[in-house]
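Okay, handing you the structure first.
For reference, chains read A, B, C and D in written order, and residue numbers begin at 1 within each chain.
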Amino acid sequence: MTKGFQLDSKHLPLAATIGLFIVMFLFGSLRYTGFFSTQVFLNLFIDNAFLIVVAVGMTFVILSGGIDLSVGSIIALTSMVAASLTMNAQLSPALVIPLSLLVGTVLGFSMGCLIHYFNLQPFIVTLAGMFLARGLCYLINVESITINNEFFSFMASTRIPVGGGNFISISVIIALLVVVAAIFVAHFTKFGRNVYALGGSEQSALLMGLPVGKTKILIYTVSGFCSSLAGLIFTFYMLSGYGLHANGLELDTIAAVVIGGTLLTGGAGYVAGSVVGVLILGIIQTVIVFEGTLSSWWTKIAIGGLLLLFIVLQRVIVARSKTTQTSIASH
Amino acid sequence: GTGGQTDSSSSNGAGKSSDKLVIGFSQVGAESEWRTANTKSMQNAIKDAGHELKFSDAQQKQENQIKALRSFIAQKVDAIVFSPVVETGFETVLQEAKDAKIPVFLADRAVDIKDDSLWVTFLGSDFIEEGRKAANWLVEETADTEGDVNIVELQGTVGSAPAIDRKEGFEEVIKDHPNMKIIKSQTGDFTRAKGKEVMEAFLKSDGENIDVLYSHNDDMAIGAIQAIEEYGLKPGKDIKIIGVDAVRGAFEAMAAGKMNVTVECNPLFGPQMVDLIEAHLAGEEIPKRVAVEESMYTMDQAEELLPTREY
Amino acid sequence: MMKSKLFWPIVVLLIILLINLFFDKNFFTIEVKNGYLTGSLIDILNRGAPLLLVSIGMTLVIATKGVDLGVGSVIAMAGAVGAMTVSGANGDSLVPLFTAIAFVIAISILTGIWNGVLVSRIGVQPIVATLILMVAGRGIAQLITDGQIMTVYYDPYTFIGGGHLLMLPFSIFIVAAMLVIASFLTRKTAMGLFIESVGTNPEASRLSGINSKNILLMVYVFSGICAGIGGLILSSNVASADGNNAGLWYELDAILAVVIGGTSLNGGRFYLMGTVIGALIIQSLTTTIYSIGIAPEINLVVKAIVVLIVCLLQSPEFRKKVFGVFNMKQTEKKSKNEGVSIS
Amino acid sequence: MKEQTPLLIMEGITKEFPGVKALTDVQLNLYPGEVHALMGENGAGKSTLIKVLTGVYTFDEGSVTLDGKSIRITSPLEAQNLGISTVYQEVNLCTNLTVAENIFIGREIIKRGRLDWKEMNKQAKELLKTRLNLDIDVTKLLSFYSVAIQQMIAIARSLQISAKVLILDEPTSSLDQNEVNQLFDVIRKLKKEGLAIIFVSHFLDQIYEITDRLTVLRNGEWIGEFKTNEIERLELVSKMIGKDLNELKSGERRTSNKAFERKRPFLQGKNISKKGKIAPFDMDIQEGEIVGLAGLLGSGRTELARLLFGADKADTGEIKINGSMANLASPKQAISNGIAFCSENRKTEGIIGDLTIRENMILAMQGLQGWFKYIPRKRQIEIADEYIKLLNINPPNPEQLIKNLSGGNQQKVLLARWLITNPKLLILDEPTRGIDVGAKAEIQKLMLSLSKEGMSVLFVSSEIEEVLRTCRKIAVLRDHKKVYEFENDQQITQKDIMKAMAGGMT
């Protein structure tokens, strides 16, 4: 019953995931030239900054036992709104950015209200949200809108050197700030603990007198906000608004969160785990590109195979140590 | 010129640069036969020229494509070829490529970037022109028809470049012919199954009124042909069918008299691309825009050309 | 219980059909044409057959608190396998047809076992477990077809999805048969009870001596078979196999159908008939959008709105708040009754 | 206390669920500084009255007055804010949070803008230690602890709230005597501080020990309000049940033992153990024998029972059934060997909430028969009706969802689930938890008569009295170890057992 053990058992899935990531990175480094470099590692963050941000929002949703399918579409809608406000309405970025952030926040808030007040299933409400947001993109414009704006270009192309000729982007900084804030919220605020309680048992949370409704609405609002923020990062990344952006991203996000050790039934998991989950998805792609010989369909099969490898290994490691763990811990 | 001919022209460039190049090729995906043929052509051409290929499939996602381009840069390839998923949003990564002194060649689809020093050249089809060609054929074909020509349109995936451009080119031409009217237009997502389903719905609501079907690709047209037959009309006769791409299936349909015309969109430009890359690396000046040679095939030519189609 | 679950979905379905009637006077007529019964209603059934099948399988999976994201890929794989098997065949011999059917069913069972083992034996969460097949399955389908759209020139193959029996499309009979099998398994054997109990409280079920692992396995296999046959119909209907596009997004539509039908994603009670209505709503909506000429750009917005309306109508809280004002006088007691309910 | 005005007045409370009238014109007066018992059979409406008061349900008619102000509470949160602190009948905590979090959530301590975990852990530990004499690691997840401990934690949580009204709905149902005493000390202290306390229990001893006044409910109707020391036990029971209950007096202590003659062993366990859970033990159970398991909270009784049932896998040991080796690796195998296990944790390991009484009852039987031998619906209803009558389950409607039943009635359904399988060995882990006096007597009688027919019973109970009354053999556990086995003859007393449990006898 030592402190150390307990820490382990709680953080075990996370530790297993990080371990697997490292193994994968070593594997890539041994196999491909040019893989073992700081920049390749940093590229994981640069290329997935938006995914990290959505995954953070999604983590809260999944922790509470819900799900949010609208994230991909909200990214597209945000990029579309940002692009059309900048290019068509000629607004300044100082206005465009808050307005774009409002897009997801408002949508998320509305979905949260529907889920709470009418007791609807999150899956369906957010699925409707997904259709709606993408539909709204096409209403704004079916074509993509290129953004020619100094501020956006600045955000897109500024490289922050981190030594040794390596660099990261501003988006990475934003994403990391979001992660830090989210970890704080999850563990050191009432809201964060309420999210966990809700995921543990909604009925109990209600009977314990927790503000279930408020928390639920806030969760989807937060997720909507994160999606919009990710949408902006995505816009910096792509410098365009487009209705087909981030198609199918919701599943990637859910996969990242779940691979990061969060239980889909809610109540258990960590924000940091989701970040590792994103990095794992990223490294799978990197390995496949470095391999460079896979045909389109072998690419898909390889992604599936690597995903399988991860998930099964993770399960095995966690299950293994759990059995030994409990017997040690209770003496 | 047809697709078949371009394939053999790779020998032109083979001697120019004897170095073995590493070429990164980022493809959109494998969403259609056309795309698969395009991938194969590119792969074979690069291999035949003795170069090494790094291939990456973006699964139709731009973010994946950007990641792939970054990885190519990290691998320090000699040249990058890519078919952008979308026209926009590649500035940053192309800038990185430029800084790493890796030349970039665009295939099939263009990018919409002001700074054209970011890429060497664009080799690909002109979707708007394809739309125009389709419309022009129709104008000629119906020159002596009196009264209205009712057209139904099967669009590609909403928002995709070929769908937007093929629609635009087509409308641009028929605008001047007031008797031609697009009475229904709906997306069929470029697939046979959807094409058939949507056509069924069109037939239900407009039935015998439909004179012409303009489909943004051949696959949807083939699906629609089945729907028309099941409905009890004769495709190609009762309803004229225009497709785009010139895939093998379209030739079969045309040979059977069920389809009238298909506008070629040639995917077999791999050898042409390799030539361009080698020329550029050998220091030659090449134009910013190189067109793929394409034509149009009608019902009468189908029978004889069918055996020569590669895709 | 059952009645109230089905009532609102049926109302929505009727409304959608009536909207069609408004645009097309002959919408409800069924006439004999070319010796077959034709009409919009039959078309909807025929077109919706694959979705109906997939949704029936999905219902059972969802009842166990799971979800099967792999169905779309299984559709693609089944089509590819089927088309490949008959690719060389021609003439009238039925042997290739039955071989193809056998292969398709075999591969769908295989996919079901794959998902089922991952979920029940290795304990992977259903959404990720089936995500693997969702990604890789499409790759396998393309591998089989070599990335091409494989066209079938063998007529008997097209019978499955395009043929007629007793003047009706054959696919309708397939759906009916699967529905009967599913109803039989779940209502005339203990399957249904076990599925619901495992979905509601797995631990209590285990302690009651139910082998929940086998139930889970079985459910995923059934879902696989349904998707496989759905894929066969789809591929047969267009006489070709398209590894990349066949069955795209079917998983979401199927889940949607199940939920519209009143089954909760939290597992437990399931309603097969509700699912059937749900799938029909989705299919009629699609057909309506096509036939009344809605611009493709707003398809999704329309779909979103309809989905929301169905869900809201099903929500007692919503009905109370909206119709409550109107009903207040007669049933004042009742409406106050429900309050904050915990369940 | 007489001249005081009531702190809380509930009047004319009526609550109807679809098809069930749970409360009809019920009233309740609660004075500050008193402990007020709610009495009634299973399903009488006690929990519903409490839930109506705390805003879990809204009531149809009636009025509630707190501190002279008319109020209408619509959520538990609101109730808490008004100073009503509640421990509900089923443990309603979050098992995925730590003990400390469960105690503090909703009222966390915040220091410099962030939750102060150090302080909360410290206070939680202190609270459990000083108030309830429970020394456990509060940073462990709640799921790590047994139901009884969880119940203590729920009580601790309610104590942590500074409230005017404290409601305890069957807090003692799975506690043993020590814990109950501990709790009562706390209650007395709070009473002195002027708190008004509502207390629900089916243990008459406890009622007479701690409460000042009681309100009796029957079938959702208000029967009367009495001062505890002015009403006879028997009279109280007859008020609750609605008829004279002379049978209950019969007190046929240990009759079973005389009737029981050693036949042949049904189950022989040797050297069974599970690392970290229970030390190696032997266990023999004869055919038709009732064996009691006694022990303190967390002494490992539940663990022992689970091993015999295959709910957990043993590390070592072998089990013979009817003389031949048996492999009890899963509940399914145990059940097919004629063993049944009624878990102490009915909410998470017992009921299938969304299913009906009928379905819950036949589940184990159907599991035994397999998928294809489906018990025809008509037969199911017959079985359900039979057991509803036998166990007096209320409402007597086999199609009612089990989650809508009162706690005691749920317990009866679970008992029925196992009786239906007609087991050779019935393991009952706290089966009388939350069951009313009448039903408890019925169940004990049932156990005795079944044992006469040759069924063995392994009976885990925190009531030594009950164990002594029914069991022929009593095994005592301490610290996850079987330390003693008694033949239950007239010489054994409650004291002896308590001593063995506490460690005075080895």
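Following the convention adopted for this analysis, a residue touches a chain if its C-beta (ideal position, glycine included) is under 8 Å from a C-beta of that chain, and two chains touch if they have at least 3 such contacts.
Quick caveat, the model's predicted, so the values are computed rather than measured.
Trainee: Between C-D and A-C, which chain pair is linked by the larger number of C-beta contacts?
Mentor: Looking at contacts between chains, A-C has the larger number.
Trainee: Where the centres are mean C-alpha positions, what is the separation of chain C from chain D, in Å?
Mentor: So the centroids are 44 Å from each other.
Trainee: Using Cα averages as centroids, what's the distance between chain A and chain C in whole Å?
Mentor: 29
Trainee: Report the inter-centroid distance (CA atoms only) between chain B and chain D in whole Å.
Mentor: 72
Trainee: Measuring from the mean C-alpha position of chain B to the mean C-alpha position of chain C, what distance in angstrom results?
Mentor: About 34 Å, centre to centre.
Trainee: Hey, what residues on chain B touch two or more of the other chains?
Mentor: In chain B, residues 29-30, 36, 39, 158 touch at least two other chains, as defined above.
Trainee: Do you know which chain C residues sit against two or more other chains?
Mentor: Expected reply: 142, 147, 296-297, 299, 340, 342-343.
Trainee: Touching two or more other chains, which residues of chain D qualify?
Mentor: Chain D, residues with two or more chain partners: 56, 75.
Trainee: Following the definition at the start, I'd like every touching pair of chains, please.
Mentor: Here the touching pairs of chains are A-B, A-C, A-D, B-C, C-D.
Trainee: Please give the residue numbers of chain C that touch chain D in the complex, ascending.
Mentor: Residues in contact with chain D: 188-191, 193-194, 196-197, 200-201, 203-211, 268-269, 333, 336-343.
Trainee: Of all residues in chain C, which touch chain B in the complex?
Mentor: Spelled out, the residues of chain C in touch with chain B are 23-24, 33-34, 40, 43, 47, 142, 146-149, 151, 162, 234, 237-240, 242, 244-246, 248, 286-287, 289-293, 295-297, 299.
Trainee: State the interface residues of chain D toward chain C in the complex, per the touch definition above.
Mentor: My answer: residues 16-17, 55-58, 60, 74-75, 309, 311, 330-332, 334-336, 341, 343, 348-355, 359, 362-364, 366-375, 403, 417.
Trainee: For chain B, which residues are in contact with chain A within the complex?
Mentor: Residue positions touching the partner: 24, 27, 29-30, 36, 39, 53-57, 59-64, 66-68, 70-72, 74-76, 86-89, 91-92, 95, 112-114, 157-160, 164.
Trainee: Spell out the residues on chain A that touch chain C in their complex, using ranges where they run on.
Mentor: Going through chain A, the ones touching chain C are 114, 117-121, 123-125, 127-132, 134-136, 138-139, 142, 203, 206-207, 251, 254-255, 258-259, 263-265, 295-305, 307-308, 311-312, 315-316, 319.
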